[in-house]
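Just below sit the structures, each encoded as structure tokens.
Each of the two complexes below includes subunit A, the first together with subunit B, the second together with subunit C.
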Partner chain A sequence: MPKRLWNLFCRSRIGRSIFRVGLPASSLDRMRAAVSSFVLHIHPAKVHARTLKFSTTFGLGLISLYLFIILSVTGALLMFYYVPATDQAYQSMKDLEFVVSAGQVVRNIHSWAAHLMVLFVGLHMCRVFYTAAYKPPREFNWVVGLALFLLTLGLSFTGYLLPWDQLAYWAITVGTSIAGYAPLIGEKMKFILLGGHTVGQAALIRFYVLHVVALPAAMALLIAIHLWRVRTDGGLARPEEPEPTPEQMPAAALPQTKTYGLMELARGTTPSVGAPPDDLVFTWPHLLFREILLFLFVFALVLVPAILWNAPLEEIANAVYPPNPAKAPWYFLGLQELVSHSAFWGGVVVPGLIVTALAVLPYLDRKPKGVGVWFSGERKVAIAIFSVCLATMLTLTAIGCWFRGPNWALQAPWKPHVVAEERRP
Partner chain B sequence: MTEPSPRSLYPWFTALGLLVGALVIVAYYKDQFREWKEWQHAYIQQELARATTPSQKAAAGRIPVEIRQTLLPGLDRVDRCETCHLVVDDASYAGFQQPLAYHVNHDQHPFEKFGCTICHQGQGRATTREAAHGQVAHWDHPMLPMKYIESACAKCHLPSDVPGAPQLARGHALFNELGCIGCHKLHGVGGAIGPELDTVGDTRSPEWLAKHFKAPSAVTAGSAMPPVAVSDDDLEALTLYMLSLTGEPMSDYYVSMKTLPGLEAGRRLFAEKGCIGCHSIGGKGGTVGPPLDEVGKRHDAEWIIAHFRNPQAVTPGSVMPRFSFTEQEIRSLTDFLLTNTTSSMIGSLKIPALMTPVERGREVFVKYGCTGCHGQDANTGIRNPNAKTAQQVPGLKFVAEGYTKDELRKRILGGQKEIPRLDPKGPQPPLYMPAWRSRIAEGELNDLVEYLMGLVPKSEQEKEAF
Partner chain C sequence: MSQPTDGKLNRRDFVKLTFGWCAALFATGASAAAGARFLIPNVLYEPDRRYKALKPDDYPEGITFLPEIRTFLIRNGDKLRAVSAVCTHLGCTVNPSADGKGFHCPCHGSQFDENGAVVSGPAPKPLPCPAVSLSRDGRLVIDASQQVPPTQALVV
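Presenting the complex of A and B:
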């Protein structure tokens, strides 16, 4: 019944002006829908059947995109209440919690989605590496992806300050001081970022503008480029297909009632002789349905923690009472751990090397080996190097997260990590 | 290859769709269920039960369920306490249980101007019981226990002058008498041996303060502070006064009430404005204006007030200037003139111009907290381990026998950081003489020296007593 009503609407004058194609009934309609609709045109009309297999990508890139969309919507809602002033920012958090309808849950979704986005963009990068999907012709899209990863970190980091509580204030103080270790430009960079030497009103408004205007705009643009290039580079990277055997040719399957031998081009019984097996499927419904399902999954994934746990909010920011130790956001704790050993290595050399190495990776590693195959045996060396670096970074992050206590001393993870200075003993 | 059918996905749509739907419903109910709504419904039930006429019943039925808040821009606060405490201004609820109880005695401090948290503390923006009362993590200002409530008065008023706050006044008086300021700085005045006390009420809990007064070194290892030996009631008063020292800035709108009309305020004005330059009490003072002895017997309050407002309108030809006193100051001065101007009271008036240098010096001795270490009458000092002077801060009775006036001035101005040790290898004595240069006024120093030089016992018999 709803299907019929919808079709009726689509056939009306207004319906036709909006949706050029109704609910597709034929393959032709499906193709036209994918090509003519703005929302769907990012897809080709048909995709390779491999694309549908979950283990090809685990949907990591799309999950990241969905998280970005969720973050944009919830972020816009939060902007109705948030005031980026040091004497009002914290209070607006309290209002969200106590009097704004759904204020707390929207803030929770925004907070959890932000953490998850850092995680999933990271996982997506790992997927692309381990399936060698950065190899030609996709080298530059890997670089765009790296920029998106850095933007994700930037968005998360700038958003971290906005609640203007102790957690935010000291994480940003520590995080920006890591930036200050860079030689020559470090101090200048930190000054420009903070609008001063310490985290204050100038820093808050800068972080706010970066968080709600500059970085999201850059992000949206780069995502568009990233997706467009995925399409123009031929969709997902996939292994070279072996030459089809004659038995696999579609012609072979057809009854031999007619011959086209006169053409002398190829043997066979249909005009499509010589075409490879058709592994393409229609985007609508196969890919589209899976994408909708994935969105439902992602939405559930952020709703569960958002319902169970409130986004943290500590005391109002106070420059006089540093927590001990003051920790940067979790994704920078690996760097902070390195900085605790050597400011120069942790603050400059290692992060510089990581970004440079990732950026030049597709230009150094060009041999089309193992493309589209998880952990291909042909790329043992590359996989080993990447895995060791990744494991090292994860270990350092884990140490910074769970094994560092007051005065950055090593301790067991079940002891209290942070001792706030006793303010009313 | 045959097209796979999307039908295999339908169970997934059902499952995930139901899951998301359920989660949205849970989130909605979590958001809609708010503790304060229960109390508002309880209030409406109460009102319905009380209603006797149909129109009252209808009015009770129309009471909205909503957040109620007082915006206090002058304090940069929003107090939402009335969301649960709905009847604070309804006297018919006197004696009821919280949160539906009447707040007695609020005429002086209307809620719409002061809100609630300015006195009670807690978290005004919060709308759950625990968060609002401040008994949650990450909130530094839990509600002030009622036994310390007087400490809040001092945010806007002088601690000595608040009617109905005897404990606060007692604590303040004790603080001065005990000479705490000799070691601790408050409002920029005082010694540097102990920590400053400007925000002690904000950084220490009442329990800590009480424990610390009884045995400072047990709470803060190595503290040089002597235990405060006063009665339990006085200890409470002193704790209460400490809690009043929050350093919380108040806008002008509120501190305009700093000086409540009162005798102490009147005395202070009388001394500061230099009335004694023209008028005399007990034969002391100027002769331009009439003596003020027993002025209350000659004029009533109305006359004095009118005279302050415009002297010439009341006494034609008077040369007394029209001072730009506020109405409040006029009331304080009038109170003071009506009660305190008998010649027998001169000594207790503490008006510097009417006092001898020795008397003034004694005041200075108390004002700068010298009593804290050197004793109430400068006769015996408190313990100072490993000090050469009998492990004590020296008493000052015989200072005139060991020092000339100049030497004494030098010692007070320069202090003595290194106290000679009893056992040269022992630890440094914790207490030392702070330098008072740039903290004490020249006139005050002269008076202090006069006072100290005059301490030496006059008779042999008195000397024997030491």
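Presenting the complex of A and C:
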């Protein structure tokens, strides 16, 4: 019944002016829906059957996108109450917690989704590496993805200061001091970032503007480019197809007189190049249904912890006494561990090398080996190098997270956390 | 371009192109420079780096912390000197060590001796010693913009 009503509406003058195609009844409708709708045109009309297999990507990129959308919506909601002034910011946090209806939950969702986004963007990057999906023609999209990863970290870091509690204040003091170690321009960069010599009102408003306008705008633009290139580079990376067997019709021999034949023309790098016809399935309903299902899963993933646990909020920022130990957010603890040995090497050289290495990776490793295959045996060296670097960073992060006690001394996590007697002079 | 002369640039087009590109580059460069300069503040709403403390007799023997300027005032008999409490590593506030000799940083574990020199840890530089002087009304003035060697002290 609702289906019939909807089709009736879509056939009316107004309905046709908005939707053009009703609920698709035929293959032709499905094609037309995918190309004529703004929301759906991100997809090709048909996708390779591999795309639907969950283990091809584990949906990691799409999960990251969904988290960004959830973060944008909850972030806009938080802006209705948050005041970026040093004497009011912390009070707005308390207002959200105690006064605003559902304020605490919205803040919790925002916080959880931010942590998860760093995690899932990282996992997505690992997936693309381990399936060799960065190889030609997808080199540049890997670089765009790297920029998106850095923007994600930047958004997390700038958002970290806004609650203006002890955690926020000292994480930013430490983080911006690392920027000051960069050769030549370091001090100037820190000064511009903070709008002064110390973390104060000028720094708060700068971080706020970066967090709510500058970085999200850059992120939205890059996401659009990233998705557009996924399509123009031929959809998801997939292994070389075996030569079509005689009973399979080569794509070029398909009838090209029909309207939908246009979509299946075998030219350039569309997903249908060289694919036997049976490997393609319609986006609507197969892919669309899975995408909606995945969104529901992601929403549950942030909503459940947001209801069960509150986002941390420590005492109000105190510019004199750092907490002991003062720790950066978890995704920076690997760097903080390095920085605890040398700020210049750990804070500037190592991250600089990591980013540079990742950026040039697809231009160095170009052999089309193992594309679209998890842990291909043909890329043992590349996989070994990447895995060792990844394991090192994860180990350092784990040490920073669980094995560092007061005064940054090594301490087993299962031992009682002996808080060193605070000798505040 | 008017009248293509078999791929070669005629004088009029050369002048037009040169002028056009120069204007475009100048406009872009000037806007970028102005935008960058815009972000550097000319006025800072920060506390003064010179701090007027109490009179010398108000401070007891040993270490006193002055939170307003994150500096230790150290009294040794009639000698007064100051050591900054801002860790030179990443800007945390250092604490006096439990044994009363020297300082340690809670963030990354740097240790300093009582003169501010680095004993261990990642700190690259010793803690600076701000100049201590007496104002005309007999109160102490600690000037963080002036550094003195740790051996220099105000004798009262």
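Basically, the second predicted complex is superposed on the first by the 382 of 425 C-alpha atoms of A that agree within 3 Å, B and C clash if a C-alpha of one lies under 4 Å from a C-alpha of the other, contacts with A are read in each partner's own complex, and residues count from 1 in each chain.
The rule is short, and it goes like this: a residue touches a chain if its C-beta (ideal position, glycine included) is under 8 Å from a C-beta of that chain, and two chains touch if they have at least 3 such contacts.
Worth saying up front: this structure is predicted, and the values here are computed from it rather than measured.
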Practice item. Considering only touches as defined above, state whether A:290 meets subunit B (first), subunit C (second), both or neither. Key: first
Exercise for review: Go through the superposed model and pick first if A:313 touches only subunit B, second if only subunit C, both, or neither.
Suggested key: first
Practice item. Scan A:281 for contacts with subunit B and subunit C and give back first, second, both or neither. Key: first
Practice item. Based on the superposed arrangement, let me know which partner A:177 touches: subunit B (first), subunit C (second), both, or neither? Key: second
**Study point:** Which superposed partner A:197 touches (first subunit B, second subunit C, both, neither)
**Key:** second
Practice item. Would you check which partner chain A:15 touches, where first means subunit B only, second means subunit C only, and both and neither mean what they say? Key: neither
Check your understanding: Looking at the overlay, does A:105 come into contact with subunit B only (first), subunit C only (second), both, or neither?
Key -> first
Practice item. For subunit A, give the residues common to its interface with subunit B and its interface with subunit C. Key: 423-425
**Study point:** Residues of subunit A touching subunit B in the complex
**Key:** 49, 52, 87, 91, 94-95, 97-99, 101-102, 104-105, 165-166, 277-279, 281-282, 285-286, 289-290, 292-293, 296-297, 299-300, 303-304, 306-307, 313-315, 423-425
Revision key, fill the gap. Contacts from subunit A onto subunit C in the complex sit at residues 170, 173-174, 177-178, 191-192, 195-198, 200-202, 319-326, 336, 339-344, 406-409, 420-425
Point to revise | subunit A contact footprint on subunit C (complex, rising order) | key: 39-41, 44-46, 63-65, 67, 70, 72, 89-93, 95-98, 104-109, 122, 124
Review point. Subunit A touches which residues of subunit B in the complex?
Key: 1, 3-4, 6, 9, 12-13, 16-17, 19-20, 23-24, 26-28, 30-31, 67, 76, 78, 80, 123, 125-128, 131, 138-140, 202-205, 208
